[in-house]
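Next, two complexes with subunit A in common: one pairs it with subunit B, the other with subunit C.
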Partner chain A sequence: MNYARAVAAIIWKDLRLEWRTGEAVLTPALLAVLLLLVIVFALPPAVARMEGVFTASLWTAVFFAGTVGLGRSFARERAEGRLWALLLAPVDRSAVFLAKGLAAFLFLGLVAVVTMPAFFAVFGQPLGAPLWRWVATVGLVLLAYSGVGTLVSAIAAQLRAGEVLYPVLLFPLLVPVVLAAIHLTDGLLETGGWSTARAWLQLLVLYNLLFWGVPYLIFEYVVEV
Partner chain B sequence: MQLHLRAVTRRVDGRRLLDGVTLAVEPGRTLLVCGPNGAGKSTLLKVIAGLLPPTGGEILYDGRSATRWGPGLRRNLGVLLHETLLYDELTVLDNLLFAGRLFGVADARRRAEALVDEVGLRLVAREPAGRLSRGMKQRLALARALLHRPRVLLLDEPYAGLDARWSGWLTERLAAERARGATVVLVAHEWRTAWPVADQAAVLVRGRLACLVDAARWDAERFGAEYAHWVAPAGGTHVAVVAGQDAAPGKGSGR
Partner chain C sequence: MTVPTSRPSNAAAWLLAIAAPAVVFAMYMALIWAPDERTLGTVQRIFYIHVGSAWNAYLAFLIVFVASIAYLLRRRAALDAVAASAAEMGILFTTLTLATGTFWARSVWNVWWTWDPRLTTTLIMWFMYIAYLLVRAAAEGEERRGRLAAVFGIVAFATVPLVHFSAIWWRGMHPNIVQLGPTPRMNMDPEMVVTMLVAVAALTLLHGALLACRLNLEQLARRAAALRERVRLEVDS
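On to the complex of A and B.
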């Protein structure tokens, strides 16, 4: 009960901070839309209609824009010793990881809700699959992204040039998620289901278990100075 | 809550930040920890709070090792660090509400409102904490540390930034905390301000306890005169560390 209350308190605090700063949703969403514009202007119309271009553009924008907010997740806690305040909570310290990860997932979800329809509209791409399959696919991808992103953010916050190093540390770990996202999206567009990308779906589920399970167990040592 | 440190040591990269610190503070008593810059005062406080792990020795609360207490121990700790632990973007009230929710305070809002009044921040209660002056932030940080009625108060430079009026308030508040049985460890570089609230005074020099005296039996003038010897580079360190048995350089048993 105390654990759940502490998780809820940290999420509530992050929501309040987001309301006041717009760092985790507004800025990344704006960046994703700007990336969309750059892609649209850069690609010749014939190339934009080619197979795979839509999927690659969509996820490139979402992943790059997401780092802006995710990178701040723990960097923000570093100022004024705020991380100490979280670690003083009378619950297992994994609660801090869980809360920050869930808040990041929520924020990435909001970024996706704002930006993905814009990509579909600009590229003139029909959904091609039931909405619930899209929600499940995007949800799984963003869950994996927020899990690994939160862990790397916690590690980067302990480093001197953490905010600069954050994307460099994050993207190599993200490769399996990016590949899974692209294959699953292509599968949805081509067949309306996951039958052609079942192995990627399984990989994504395993990745989620790994990058939510391991930090949950080791977070105390990650934040230990 | 009784606090007992047994030979607490913390080494980082071969440097001894704390070196075999042994002391005890009884419930309802205040320990003033002073010493020169870099003596390890703030490190000691963070180690007691469980924010930094000791590399040797043991910390006991009510005779039970801190590691055995588990996370629930932290419910009993009210901590003020050199950093404010505040979110500049959140309002004064939201900062306190967040702390209350994090510690599971049942009447968090009522408690937060009462503390806002007590520390004189009612007029700025809905202002972002980032807009407060240094002294106002310090009062808010103190309110945050007191919010969940902790049994142990660990305060790093609590008088920093406070004017005469609010220094007086803090002295009274600490006396009230002592009266309700709270154990207080107070770190102060400028120890004279905190002297009236101290039951014991410890001098830390280069991570080692140079002395531990019963403040009730020492007046500030005498302590001040001896303090210079204790913190002197060439001597005075590692003299007696016996609570209740006043010790000065040359008088106590060396370690």
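On to the complex of A and C.
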């Protein structure tokens, strides 16, 4: 079985599983919208209209809601020795990481597509930049998020009470992505482009290289039987 | 299961015997011998312990990183023990760095905490290695614990520079005493430089001594676990 076909097969498996359970898209999307409500309830109306509050609310909700789906990525392979079955496939282990990561990216993307319009609507925030720039920015952020999220998910799935620990293990590593997401979004809202936040764009690309590159090299150690 | 027979080394005792007077001497230099800073006054003396702790925190996390890579390649329990012990040392020195930093900031900047890049990086680093210890605590089985902790130790260390850069671009105000670059220089009185170097050296010795003690403890704990296992097997049969 060649590499690309193995990757495609695992992604396809995750998509079918998702179609039947809805745990990686539906639940996080619902949680993100609920968090939006909580934030709006918690903020005094005058504060909600202040600059930067929209960005902070949006990313707080997306990052927190994302952990629910991402954490399941490998946790769902725990039951009935499914992870063993995956590892028995005669293909390089990094294919498993790549496939799980790309599937997680797809799911996060869907969560964003479903929930982000609600944030713009509730805050009465105009788009302020061409749509393709938003797609590129959010895509790059979510790609970084799914890379690190998948790796940590693979670690947490092998720990006692791993799902409880998952966000605590993940968020310290995620700090650069959170900061980059905030600054890039503010840049888009203020200037309609990336000119004010070019360094953040570079940082985000670097982060993506790190968290898709390092697991690619060491993933076989993460999921030994 | 074989019971490890190696005894705790004497290195810990020797290092402690050297480190203890060295730390006392460094404290004398920092608190009495070094001149008063012109504008900051006595409180500047925290700086010597602060810099010494910060250097040792980074050193400890570097040891975790190197030991983790070595563990994944060689799979020796001793390397895992080094990583585990060094991580605890790193958290100890990071805590000291943060604590001394906040005392200093309270009297000089008039706040306990600011979101300066170095403060932010140090705090995030502290959280990362708390997470590292959580991985160790929650992993079942020696082999799995060593393997997962090693992966996390490598990834955490690789992320620290990115955290630092992101914090720099976010905001900045930490004083830059040691300036590297084409002509490295220090904005300090020579006596202060000497005191700083002595404090760094003394705390590094202390670090080494504590690490050696911690490694002995780890060895004894593993030996005790193996003995307990043997007793259990004999009672069962």
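Everything that follows uses one rule, which is that the second predicted complex is superposed on the first by the 223 of 225 C-alpha atoms of A that agree within 3 Å, B and C clash if a C-alpha of one lies under 4 Å from a C-alpha of the other, contacts with A are read in each partner's own complex, and residues count from 1 in each chain.
Convention: a residue touches a chain if its C-beta (ideal position, glycine included) is under 8 Å from a C-beta of that chain, and two chains touch if they have at least 3 such contacts.
Just so you know, these numbers come straight off a predicted model, no measurement behind them.
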First (subunit B), second (subunit C), both or neither: which does A:224 touch? both
First, second, both or neither for A:16, with subunit B first and subunit C second: first
Looking at the overlay, what does A:88 touch: subunit B (first), subunit C (second), both, or neither? first
Going by the contact rule set out at the top, does A:80 touch subunit B (first), subunit C (second), both, or neither? first
Which of the two partners, first being subunit B and second being subunit C, lies in contact with A:8: first, second, both, or neither? first
Please report the subunit A residues shared by its interface with subunit B and its interface with subunit C. 224
Write out the stretch or stretches of subunit B touching subunit A in their complex. 46, 49-53, 71-75, 77, 79, 81-90, 94, 98-99, 101-104, 128, 144
Interface with subunit B, subunit A side, in the complex: residues 2, 5-6, 8-10, 12-13, 16-17, 20-21, 79-82, 84-93, 224-225
Taking the complex as given, what residues does subunit A use to touch subunit C? 151, 155, 158-162, 165, 168-169, 171-173, 175-176, 179-180, 183, 199-200, 203, 206-207, 210, 214, 218, 221-222, 224
Subunit C to subunit A touching residues, read off their complex: 72, 124, 127-128, 131, 134-135, 138-140, 144, 147-148, 150-152, 154-156, 158-159, 162-163, 165-167, 169-170
